[in-house]
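What follows is a pair of complexes built around subunit A, which joins subunit B in one and subunit C in the other.
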Partner chain A sequence: MKLELGYIFIKDIQFAETSKVENGTLYVNKEEVKALILEDQNFKSADVELAKPGESVRIMPVKDVIEPRVKVEGPGGIFPGMVSKVETVGSGKTNVLKGAAVVTTGKIVGFQEGIIDMTGPGAEYTPFSQLNNLVLVCEPIDSLKQHEHEKALRFAGYKVAMYLGELAKNMTPDQVDTFETPTLVEGIKMYPELPRVAYVCMLQSQGLMHDTYVYGVDAKQTISTLIYPTEMMDGAIVSGNCVSACDKNTTYHHLNNPVVHDLFAEHGKTLNFVGVIITNENVYLADKERSSNWSAKLAEYLGVDGVIVSEEGFGNPDTDLIMNCKKIENKGIKTVLITDEYAGRDGTSQSLADADVRANAVVTGGNANEVIELPPMDKIIGHVEVADVIAGGFDGSLHADGSITAELQVITGATNEMGFNKLSAR
Partner chain B sequence: MLKVVHYINQFFANVGGEEMAHIPAELREGNVGPGLAFQQAFGDEAQIVATIVCGDSYFNENMEEAQKTIINMVKELQPDLFIAGPAFNAGRYGVACGTIAKAVKDQLNIPVLIGMYKENPGADMFKTSLYVVSTKNSAAGMRDAVKKMAPLALKLAKGEKIGASSEEGYMPNGIRKNFFDTERGSKRAVKMLLNKLVDKEFETEFPMPDFDRVAPNPAVKDITKAKIALVTSGGIVPKGNPDHIESSSASKYGKYDIDGVMDLTEATYETAHGGYDPVYANLDPDRVLPVDILREFEKQGKIGSLHRYFYTTVGNGTAVKSAKAFAAKFAQELKADGVDAVILTST
Partner chain C sequence: MIITNNEKVYDKYKDITNIIFIQGGFKDVLVKTRDKIHEGHELLTHPLSSSVKPNETPFKSVLISDEKASLNLNSLYIIENSIMTYDNFSKHKFSMMTDKITEDFKLIDLTVLESALNI
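Entry: the complex of A and B
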């Protein structure tokens, strides 16, 4: 399966009469975007704001970040099974507004969303401070329960991202990158001397709004399976998560999965990137056993020499991570795990909820409990008062001058377990 | 200018080898032996005002006396920093460096730095209590050792923030610290896997801990007589969360009286937990903390009684160390209150 990703680099975002992309600037008609959000009767009001790199802006509480993309050639549309028809995606051509994002916000649970600072120390921890963001501030109708609110906001994000992506449909990209995964047999013939490597991507599926969707299916109702990496680039996997902000995979992460990109970079040179196994993180023991059995079995079936396993979340999913590691290593396949740590504010606690000697090659995204100071910002998009109750905040996190003292946990994407960032710990 | 006192053994002071290891501690002005290289690395920022030379046998065989003498010398000089070594792979020298540095740190409250090879017995003894710079195994590695030790020494003397072990060059001391690496995590993972695949050396970023496993207690002999307590990490608290237990990474637990409470309702209780959709727990908190069922069982004589207090915290993102500390404390209370068994509910 072969996909050409065409990047249109976005260096600025502005409101305008007509939505369009011109000379690297994304122009957005605010009213059209608002109308799009308000198609959903679950919202009583909607507002749209801009947040650009370097501005003194704090966005909170953040639910999801989505990159605008559009299918130019080939079957299906972006976010298949969710918004587009459930066609197999991942081939042909897709255009990307690189450097732009849609950020959805709202007090859904109050403590399961995150913070994006566009400047200052907080900005260094989140990749989204580097993007030209269109921020959706959507207020739900009074009677809306949290899980309905989550769903409505999730769809608002997709719709607006697709609306923006559509602007790039007929554009000539600034750069084109091609990604191709041959069939298993072809791949082995092409690179007989190279080690075969697969990627085991664990999807958050603990339920109660810790959900991920694959072609529209709730991942907790799936069994470990295979997916072409390019399918992910077309939005086959999306986030429906309300969970600690630092190590949840936003839809942006799924679209730009760094393990996929870094394995493709070595494909045909030092390794043969065979494909991706997706597996879930359900809470029942039987589910955990079944899913990890299957990920190990699929790795064996693919005949790989090694795998990279990425986790999502922490605590309960640590057990899935270790099960995947143990069972895959027991098949004689070498593993490298990517996780993050909850080592306490002073860094002296045991970092994971489970451990095993076979997990001897681990990459860490950092200690999420480490305390950081976020200075006040000139502008707040959203609700700053959740700082005391957000996951990672505590009584007294929010100071009178608007500054925040909290654990790194509060920052969206800060300790990402796909290895999206440079942050680490020792 | 910052004042530094340096500790070395008889060998590095050019007094002699094993045959001179018996010499007691002596104070010399300025730098001696490897002190010159440190002085050059410090430049104008710091000065080695004195060097203490002590025989390795003397120190290890007369530890109390030696420590006392050296502490007095250092106290007199009032330096901003105390450096010992580097000891490379010399075992007794390494132990002496660690012992005296720890005494200076604890008794005089002066920052200290030592250096040695990772397999020196002194490394395991002191790496969690002192900054121990990892050096090569012989004096041939002196230049490299000074290059790593000098900048860290200056930072310590100035009281600056110390970064992660991999950045500063000290041995991992069990305190996890964040830092920005040069490559993103996924790239580091690919590189690590390529090394692991060909059996090349690689370094895990997180060495797995020895995992603490708890053996279950024997079954309760007669449950119909037993006093049962409820404990939860599911965050059930009286409405309004009076003790402000955090939604994640809890720093405390709560103890609440349920005397006469037959049922937890939406009006009186809620969850403080930030790790799951709270709708169902808030509608009926008994789903997480089953007070209603235990009251029924109590009435029917299926259990002896329900303990008057329940203990609660939030498990979400809470460090294992904190959770352990909470339980160590309230387990004593449960015991003192004559509780026979605990139902521990999670979410």
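Entry: the complex of A and C
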């Protein structure tokens, strides 16, 4: 399967009468976007704001970050099974508004999390401070239940991202990158001397606000399966996970999965990138056993020499991570794990809720318990009063001047377990 | 069998399943779960289910087997690790929680439990 990703680099975002992309600027008709959101009768009002790199802006609480993309050639549309038909995606051509994003915010439940600071020390911790963001602030109707609110917000994000992506459909990209996965048999013939490597991508799947969708299916109702890495680039996997800001995988992460991109970069040079196994993280222990059995079985079936495993979330997914590690290692396949740490504020406590001697090659995305200070910003987009009850906040988090003292876990993407961030440890 | 300190879970399931209601906090639920594992019950859901951190939510529900057998070492390993992880977190006072937030935490705990029950 072969996909050409065409990047159209976005250096600025502005409101305008007509939505369009011109000379690296994304112009957005605010009223059209608002009307699109309000097509959903679950919202009584909607506002749309801009947040650009370097501005004194704090966005909170962030639910999802989505990159605008559009299919130019090939079957299907972006986010299949969600807002496009269930067609197999991942081949042909896709254009990307690189440097732009749609950010959804909202108070779905009383305790909320997810901060993106566009400047200052907080901006250093999140990759989304570097993007030209269109931020959606949607108010639900009074009677809306949390489940419906979460879903409505999720779909508002996809629809607006699709709307922006469409602007790039007929544009000539600034840069084109090609990604191709041969069939298993062709791959073995092409690089017989190179180690065969697969990627096991773990997906959060535990219930309200903890879910991930694959072609529209709730991942907790799936068993581990195979997916072409380019399918992920077309939005086959989307995030409905609104909890644990620092180490959740937003839809942006799934579209731009750095493990996939790095494995493609090394494909044919130092390794043979065979494919991706996706597996869930359910709360029922028997589900964990079944899913990790399947990921190990698929790795064995693919005949790989090694796998990279990325986790999502904290606590009970540590058990899935270690089960995947142990069972795959027991097949004689080497594993490298990517996780993050909750090692206490001084970093000296045990980092994970599970461990095993076979987990001997582990990459960390950083310590989510580390305490950070975020200075006040001139403008808040979203709901500032949630700072005290934001995940990782604590009593007195929000100071009178608008500054925040909190654990690193409040920042969206700070310790991402795909490695889409700048933190690590040696 | 459910072990919970969440009234929302208790009220919904008290008439249709074995349930132990704990008048206490998150850790009290974990400790009671450990005691039941010592008696030979098997752990069915992960005690750290949900990515809501144990110092953020006061509510926890855990599913264990109704039947008792010989001590399940895997269950014991998971519950002991969970208690250790819980102790890593600084302790919240939960003093500024409004009724709305309390109800939301109860709902999240309920839905996470029900995701295991396939309801």
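The working rule: the second predicted complex is superposed on the first by the 423 of 426 C-alpha atoms of A that agree within 3 Å, B and C clash if a C-alpha of one lies under 4 Å from a C-alpha of the other, contacts with A are read in each partner's own complex, and residues count from 1 in each chain.
Going forward, contacts are C-beta pairs under 8 Å (C-beta built on N, C-alpha and C of every residue); 3 or more make two chains touch, one makes a residue touch a chain.
Being a predicted model, the structure only gives us computed values, none of them experimental.
J.: Are subunit B and subunit C a fit on subunit A, or do they clash, once the structures share the same frame?
T.: clash
J.: Quick check on the superposed pair: does A:314 touch subunit B, subunit C, both, or neither? Answer first, second, both or neither.
T.: Both subunit B and subunit C are touched by A:314.
J.: Pick one for A:220: touches subunit B only (first), subunit C only (second), both, or neither.
T.: second
J.: Kindly classify A:191 by the partners it touches after superposition: subunit B alone (first), subunit C alone (second), both, or neither?
T.: neither
J.: Taking the superposition as given, does A:244 touch the first partner, subunit B, the second, subunit C, both, or neither?
T.: Touch partners of A:244: subunit B and subunit C.
J.: Could you look at A:339 and tell me whether it touches subunit B, subunit C, both or neither (first, second, both, neither)?
T.: A:339: touches subunit B, not subunit C.
J.: In the overlay, answer first, second, both or neither for which of subunit B and subunit C A:128 touches.
T.: neither
J.: Answer with first, second, both or neither: which of subunit B and subunit C does A:286 touch in the superposed model?
T.: A:286 contacts subunit C only, not subunit B.
J.: Output check: A:155 vs subunit B and subunit C. Expected answer is one of first, second, both, neither. What do you get?
T.: A:155 contacts neither subunit B nor subunit C.
J.: Could you look at A:206 and tell me whether it touches subunit B, subunit C, both or neither (first, second, both, neither)?
T.: both
J.: Return the chain, subunit B or subunit C, that is in touch with more residues of subunit A.
T.: With both complexes superposed on chain A, more residues of subunit A are touched by B.
J.: Would you mind listing the overlap between the subunit B footprint and the subunit C footprint on subunit A?
T.: After superposing on chain A, subunit A residues 109, 111, 146-147, 206-210, 243-244, 314-315, 342-345, 349-350, 353-354, 369, 388-389, 391-392, 394-395, 409 contact both subunit B and subunit C.
J.: Can you list the residues on subunit B that touch subunit A in the complex?
T.: Touch residues, subunit B against subunit A: 164-167, 172, 174-190, 192-194, 196-198, 202, 204-206, 208-212, 244, 246-249, 251, 274-280, 315-322.
J.: Taking the complex as given, what residues does subunit C use to touch subunit A?
T.: 43-57, 63, 78, 81-82, 84-85, 88-90, 92-93, 95-98, 100-105, 107-108, 111-116
J.: Any idea which subunit A residues touch subunit C in the complex?
T.: 109-111, 146-147, 204-210, 220, 241, 243-244, 248, 282-288, 313-319, 342-345, 349-350, 353-354, 369, 388-389, 391-392, 394-395, 409
J.: Show which residues of subunit A lie in contact with subunit B when the two form their complex.
T.: Counting only subunit A, the residues touching subunit B are 109, 111-112, 124, 145-147, 195, 197, 206-210, 242-244, 258-259, 261-263, 265-266, 270-271, 305-308, 314-315, 334, 336, 338-339, 341-357, 359-370, 388-395, 407-409, 416-426.
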